[in-house]
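Chains here go by letter, A, B, C, D, E and F, matching the order in which they are written, and residues are numbered from 1 within each.
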């Protein structure tokens, strides 16, 4: 269910012609790479978690995945607030939903709260 | 113009029956006090900035206002993503706009980018 | 023993007429809500830890409890140093002890080092 | 006046046989070097501030001094809460006052709020 | 002089077949985009600094440029330590010098200590 | 093997006549104590990890060790970039290797990725 809703969310967000407000001067440097890189790191942490039998390593993997998931949220929030202007929201009325779902997918109900690689793929906009 | 749009934004957000998702366990502790306190601090920093003739103090006031404005954004983002669920957004269709405008008001186009106390009052949901 | 000593510590601290120095401009915004909210979050993390059988979730609960306990310490330290002035300490000679015990209760010998909800209640000034 | 009060505060704190609780495991590593190094950095930032005519450099010096002053506070708070136990406070009844005054000296009423090198020397326990 | 030395440093670093160790699990996600984006932000902050007459804005631009320059250093350090292995250093004996010069270029002797756009271009590996 | 390579690395780094660039003003305060203290904390966290049977405590020990190992890397990176100048590198051609190996020893392939006290001793420049 959640899967259906979230499929292609990040794909949609990351393949449109927008980008990430980089700092709050604002400096005007925009690039979707930051959120996507963190999301890829989240997925890689999950895969390494499953491939390991070392409880210490698994503990580290969970903690680092938590931090990287949070960075996904941060980069998406910055984009939603700082990059997109009223004309964008008028032109793409689904933007609010996409960002709300994507940040939820990177939160406790998403990649923070699970080691299920499927959820990381949903965050990355890939269905399985 | 912006003033009209933003009037009562925070009032609306902060007086409804919702609250702030406190951490991403999630722990379930919710309270609007955190965002409001930071917004009050932003306003106080602006007032102290204007009341001072000391260039060192004014530099410090700007830097601290920047950090506190950012915390307003953070607390509001957490609420928007972590506390509100689909039923809230259905019941209050204006929620997305309110949060987008409020976080913008705490950003570079708002309290980060100005020492105008009127903008801080807008963030606090007070008109003048 | 520790229980007897610490009973009503936070109650005492949080119900007097003082408040929290919010930033170090200082901005003059004071409110006890910040420390109390974090302490409530600590307790909620412990309760969720006990209610779960998922080892990943339990790892996350411990890490988040650690961070939130630290924020309790931070908010109390700021109050002790920045809000209270010599006249307060003269009028309330027990203030130093109260804050020292309360910050210890939020540290490794307190809520950082245990998942015992009783200790969180002591931090919150509630006896059992 | 403040000068008289604070003279030898840090000297007293930093020359007794105690040390700094290093982390909140607690790991048991104690050393007064951390607070002292940050205090020396605060003083050096002030001296470089005065020696420069470059407004950009002076802005940077104030911001970095602010951050370093805050680290002095942090290291002293950790020591006060985490290293010292009840027997220390019984043996040295002035400990609470010393730490409260020293952290105030590193705050807005001290090295954060001024570029006066005399105040940094007071924080370092040196009179002039 | 410095210019000659540093020309093409980042170009060299960022166009070889290596990449950035993303976290210290390590997760294995590598991409040079992070350092380059921050360096572009540094340059943009400098340009906005020069284009403005607002002292408050200029103060903000300096502070944000400082933070972004620091992120360039961080990303480069991570790469130098975590991505490159002994075989890389044997194959590219100039790697140590390149990274040392590039991180210096992003530090106090480089983009942190100046608003000269030429230095940002050197960091970005562009000559003028 | 790694042991042989890394033996006396930190000893070499920490017993020469250099020191740590403390901040990026730069303030000019240099002291090797910061990296060494964090490395000692890393080792103490490992020892406490082994001495405990409490899974919660062991989780905390791993997380805190991770953070402290990272601080070792940070302090060493600052020294390598900010303190050492070209003449140092000419005089001590092994400096690059020493720092690269030492920061690797404090990373995922070193004290972050293990609870083996021998590795902490290698980081501290002590052979066994």
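Note that contacts are C-beta pairs under 8 Å (C-beta built on N, C-alpha and C of every residue); 3 or more make two chains touch, one makes a residue touch a chain.
Since this is a predicted model, take the numbers as computed values, not measurements.
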| item | value |
| --- | --- |
| Intersection of contact partners for subunit A and subunit F | C, E |
| Taking each chain's C-alpha mean as its centre, the one farthest from subunit C | E |
| Interchain centroid distance [CA atoms averaged], subunit C/subunit E, Å | 41 |
| Rounded Å distance between subunit A and subunit E, as computed from the means of their C-alpha atoms | 25 |
| Two or more partner chains touched - positions in subunit D | 24-25, 59-60, 63, 66, 112 |
| Pairwise touch network: line, ring, star, complete, or other | other |
| Listing of all chain pairs that touch each other, if any do | A-B, A-C, A-E, A-F, B-C, B-D, B-E, C-D, C-F, D-E, D-F, E-F |
| In the complex, subunit B residues that touch subunit C | 22-25, 27-29, 31, 33-34, 37-38, 40-41, 44-45, 48, 60-61, 64, 67-68 |
| Subunit B to subunit D touching residues, read off their complex | 56-57, 59-60, 63 |
| Subunit A - residues contacting subunit C, complex | 59, 62-63, 66, 112-115 |
| Residues on subunit C engaged by subunit D in the complex (per definition of touch) | 24-26, 66, 70, 73, 77, 80-82, 84, 89, 96, 100, 103-104, 107-108, 112 |
